[in-house]
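So, here come the structures, one by one.
The same chain A turns up in both complexes below, where it pairs with chain B and then with chain C.
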Partner chain A sequence: MNSILELKDVSYVYSKGTPFEKVALDKVNIAFEKGKITGLIGHTGSGKSTLVGLLNGLNKPTEGTVFLDGVDIWEKPKEISRVRYRVGLVMQYPEYQLFDETVREDIAFAPKNLGLDDVEIEARVRDAASFAGIGEELLDKSPFDLSGGQKRRAAIAGIIAMRPDVLVLDEPAAGLDPRGRSEILGSLRKYADDSSASVILVSHSMEDMAHYCDNVVVMADGRIHSSGTVDEIFSVAEKLSKIGLDVPSVSKIVSALAARGIDLKGKLYTVEGVKDAILEYIKEVNK
Partner chain B sequence: MISDITLGQFFPGYSPIHKLDPRTKIILATAFIVAVFMANNPVSFLLLTLGALVLVAVSRLSFKVVFKGIKPIILILLFTALINVFMTSGEGTPLFELGIIKIYTEGIVRAVFMAVRVVILIIGTSVLLTYTTSPISLTDGIESLLSPLKKIGVPVHTFAMMMSIALRFIPTLVEETEKIMNAQKSRGADFTSGSLVNRAKALIPLLIPLFVSSFKRAEELATAMECRCYRGDKNRTKLVKLEYKGRDILWFLIFAAALAILILTTVLPYNLDISGQIYEIVFYQI
Partner chain C sequence: MNDYIIKTESLNFVYDDEDSDIVKQATSPALSDVSLSIKRGEYVAILGHNGSGKSTFAKLLNMILTPTSGKIYIDGVDITSESFSEDDMFDIRRKIGMVFQNPDNQLVATVVEEDVAFGPENLGLPREEIRRRVNSALSVVGMTDYARHAPHKLSGGQKQRIAIAGILAMKPDIIIFDESTAMLDPMGRRDIVAIMERLNREEGITILNITHYMEEAARADRVVVINDGRVVLDGSARDVFSEVSYLHSIGLEAPQGNELIDELRSAGLDISGDGLTPDEATETLFKFLSRKN
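On to the complex of A and B.
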C-alpha cells in the first residue's frame, strides 16, 4: 500500500494520574494513503480531535508510534517542527489563529518560519491564496476586516503555503454557508491530486464524507469502529446509525424505498448515485 | 504544560471539607494563617504540620496533588532559605566560617522555620479553600462576608460578580491559549527556544488572537447578561442561600481548640525540663 502516515497501537490518555484521567484513544491503528482523501468521522468525544493532534506531533502518544514515511516522528523530539511542516494541520475554527497586519503577511507566517527566501515566500503566498480562493485584492487587507468565510479561507491558505505532504483539516466547513462549504471541500480534491498529498478530513457530515472522500474511518469511544472505502462503509449504513451517527439523507430515501419493496442498485449514498439508481430502476420496470 | 498548574484549581468531591459553608472555610483559613505566623518553636510547628496533614487527609485529596501545588515555588523557597542561612547573624561562635561567610545556628533555624511556614501556609489554605471550594461558592462566601460593607456604599456585589467572571474564564482562557498555541505551532512557530528577544517576538502570534477573542467574548457576555435583564444586586435573590449548619459550628470549635493549644505551646515550652544543648537549639525563639 502507498501509505505515508501510519499509526500503530496508538493510545492517548488525558491528565494521567489525576482524578480527571480519561482515555481518549485506545490502541488505534490506521494508515493514510498518498493522493487519497480520507474522511474521519465520529461522534463528539469519539477521539477525532485528539487523533488529529497526534498526527503532526502537537501531542505525544501515551503509547504507540506515529510513522511518517516509515520513520517514528518522535525519534528526535527536537526536530518535531519538521514533522509539523510536512503534516499541515488546519484546526477547528482556524480563523482564530490570524494575527498579522495583512492577509499576505499572515499567510507568509509559516513559509517564513520554514526559512524560505522572499521570492519563494511570495510565490507560495500567491499559490496558496489562489488555491484557497482568496482574491488578490484581499491580500493587503487586515485579516480582521474579512468576512467569516474569507477568514477561514485565509487561515487554510496559511497552512497550504507550507505545501504539506499530508493535509489534515478538522471540521474545515463548520459554520460556513453551503456555497463556502462546497468551495473549500471541493478544492481538497485538487490538492490531493496536484501534489499527490494525503488529505485527512474530519467531519460530522455524512454527506460531505460520501461526496468528497475516497476512504472513511469511523471512530467510536476512542477506537476505530470501522474503516474502508466510501463504498464499503456506506453499504452498511445501518451499522453507523447504531453508534449514533447520521446516515446520508439519501440513504434514508433508499431504505424507505426498500421497505416498499423497491431494491435499488449502485452507489446509494450520494444524490447523483441514487438519482441514477432510481432512473435505472424505472427503466427496468418499463421494459 | 499550562494545564499542569494546580495551584488554585478546584477538585470536586464530597469530603467533610468540601461540604463546609464557604464562609466557614474562609474564616478558618484566616485563622490558619494567623496560627502559621504565631508558631515560633518546634513544638508549635510540629502541631501545625500535623494539623495541615490532617486537613489533607480529611479532604480526601491525594497527597501527590497537594504537593504538586508547592512545586512551582520550591526554587523561590530554596533561595530565600539560603539567604536566611547566610544573612542571619547570631550570638556565640558561628557553626561554619569561610572568609566573610559565617553560618550561625540561628540562621539555619530561621531558614527551616521560614520554609516550613510557607509550605504549611500554602497547603493549609489551598486545601481549605481553592482545592475544595468551587470558585462560585468562594465568591458567594466572600460576598456574604463583606456584605456589611454595603452599608457604607461599597459595591460588594459588583466586585463579587467581577471576581466570579474572572475566575470562571480562567480555564476558558487557558484552553484558548493552548488552542492558539497549537495552531501557531502547526505553522512552525517556536515558543520554547531562541534568544529572549526572539521568544518575546514569538508571543505576538499568540497574544493578538488571544486579545481579539477575549474582547469579543467580553462583549458577548455583556450582551447576554443584558438580554437576561441583569442589573446588579438590587432585588436579586439567590438560588442557593448560604446557611451555617451543625458541622460548621463543630469545625469552628475544633479550630478554636487547636488554636488555643497552639498558642499555649508558643508560651509554655520554656518551663519544660529538657536539658543540654538540644534544648537551646530546639527551643530557640525566632
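On to the complex of A and C.
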C-alpha cells in the first residue's frame, strides 16, 4: 500500500483530567493512500471532525502518532505549520473565508506565504483555478461577485494552490445543486488522479460517496467502525443502517428486491451500477 | 377565509444594482412573470438550481424584498398595494414564518425557552399566553426536555427545531423552509422533514419547502420548479419527476428510483410505473422483473 498519511493508535480526549473529560477518538489506526479519494462517514458525534483536526495538526493527539510520509508530524511542534501546507484542509462553507480583492489574489495567498517567486505563483494560481473549474475570466473579478458555487470552487482553489499532498474537505458540496455538486466532486477526482495526492472527503451524502470515492472509512463512537473499498463497504449496506447512517436510495431498492427473491450482482450502490446489474439479470433469466 | 393563502400575479423582481453581493443578477431579472396560487394547507416543494430565483420568491412573500412589479396576495390581502401599511405588514409577517439554512444564525437568546418566547413577547401577549405557546411549540417539535438548555450546545437539527418552535409560537398560517435541511446530517434532516409534515397534516399549516434534495421534494403534494426566474414545471411530484431528461437539462435530478427506471427505459426496457420512493421503485421493478421470469 502506498500510504502518505497514517495514524497509529491515535486517541484524543477533550478536557482531560476534568469532570468534563470525553474520549472523542479511541486508539484509531488508519492509513490514507496516494491518488485515492477516501470518504469519511459517521454521524454527528462519531469523532470524524476530531479526526479531521488531527490530520493537519489542528489537534494534537492525546496518545499515538500521526505520520506524514513516515515522519511524526509532532516531532518538532514549532514546525507544525509546515504540515498545514502539505495537508490542506477545506472547512465547511469555505466561501465565507474568501477575503481578497480579486479571485487571483485570493488563490495566490497561500503560495505567497510559501515564499514562492511570482512566476511560480502565477503558474500555481492557473493550475489550481483550472482544477477547481474557475475560468480565466473570473480571476480578475471580486470573489464577492461570484455565484455560490463559483465562490466555493474559488475557496477550494486557494487550498489546491499549495499543491498539498493530502487534501481534506469537510462537506465540500453541501448546499449546492446537483450540477454544482458534480462539478466540485469531479474536480477532486481529477486532482487525485493528476497529482497523486490523497483526497479525504467528509460527507453525509452516501450517493456522493458511492459515486466519487475509492475507499470509505466509517466512524462510530470514536472508533473506526469499518473501512475498505467502496465495493466492500456499500455491499453490506444493512450494517450502515444499523449505526444510523443512510444508504444510497438505490441500495435500498436492491435490498428490497433481494428480500423478494431477485438477487442482483455487481456495483449495487450507484444508479449506473444497478442499471447494469438489472440488464445482466434479465440476460441471465432469458438464457 | 380565502381559498388561496398565497397568490402571485405576473411577479417580477430585479435586484438593486447597488446590491454588490448579487451583481450577476443585476442585469437579468431574478424573477420574471411568476404567477402562482397556493391553497391553504398545501405542502409544496420548490426546486431550482443555485441562483434560479427560488429564494427570491420566498423573500418576496415575506416582504424581505419588494417586487419590481406584479401582485402578491397573502390570505386575500394585497401586500403590494399602495394602501398597504406598516401595521398590515406586521400582521402578514406573523402569518408567514421562515426557517433559514444556517441553524447558528437564527437563535437570539441564551436559553431555549426564552428564544421561543421572543416572538410572542414582542406581540405583547399576556404572560400565561406566552407560557402556553412556548410549551406547546416546544412539545410539537419534541424539544420540551431542552427548554432550559443553552441553544449553542444543541446539534444543528435541534437548533432548527428551536427555530421552528419560535415560529410556531407566533401561530403562523404558512412556514417557508429555505434550504433548512442543507446543513444537517441525515438524522437531523429526517427529523425536520417529519416535523414539516406533521405541521402540515395535523396543524393544517401551509408548507413551502425550498430544497436541493430531490427525495425530500418527492414527498410534497406539489412540486414547483423554477429556472432562470421562471416557473418551468408545476404539478404533482409524480408528474414533475417523470420529466427526468428535462430536469437534467436544467441542472437538477429526479429521485434515484426514477433515475434508475429512466436509465433502464433508455436501455430499451419497456417498464411501466414510477420510482418516486424506494418502495415504489422496488414495486415497479419487481413487477417488471417477475414478468420476465
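Note that the second predicted complex is superposed on the first by the 283 of 287 C-alpha atoms of A that agree within 3 Å, B and C clash if a C-alpha of one lies under 4 Å from a C-alpha of the other, contacts with A are read in each partner's own complex, and residues count from 1 in each chain.
One rule holds in what follows: a contact is a pair of C-beta atoms (placed from the backbone, for glycine too) under 8 Å apart; a residue touches a chain by one contact, two chains touch by 3 or more.
Given the structure is predicted, the values throughout are model-derived calculations rather than measurements.
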item	value
Which superposed partner A:Leu98 touches (first chain B, second chain C, both, neither)	first
Which of chain B and chain C A:Leu58 touches, first, second, both or neither	first
Of chain B and chain C, the chain that contacts the larger number of chain A residues	C
Partner chain(s) touched by A:Phe144 [first = chain B, second = chain C, both, neither]	both
Which superposed partner A:Ala110 touches (first chain B, second chain C, both, neither)	first
Chain B versus chain C as contact partner of A:Ile278, first or second or both or neither	second
Chain B versus chain C as contact partner of A:His204, first or second or both or neither	second
Which of chain B and chain C A:Leu176 touches, first, second, both or neither	second
Intersection of the chain A residues that touch chain B with those that touch chain C	144
Touching residues on chain B, where the partner in the complex is chain A	3, 11, 62, 64-65, 176, 179-180, 182-190, 204-205, 208-209, 212-213
Partner chain A, residues of chain C touching it in the complex	20-21, 23-24, 48-51, 101, 155-156, 179, 182-183, 185-188, 212, 214-215, 251-253, 255-257, 259-260, 263-264, 267, 269, 275, 278-279, 281-282, 285-286, 289-290, 292-293
Sites on chain A touched by chain B in the complex	15, 17-19, 53, 56, 58, 81, 84-85, 88-91, 94, 96-100, 109-110, 113-114, 144, 158-159, 162
Sites on chain A touched by chain C in the complex	43-45, 92, 144-149, 174-180, 204, 207, 244-246, 248-250, 252-253, 256-257, 260, 262, 271-272, 274-275, 278-279, 281-282, 285-286
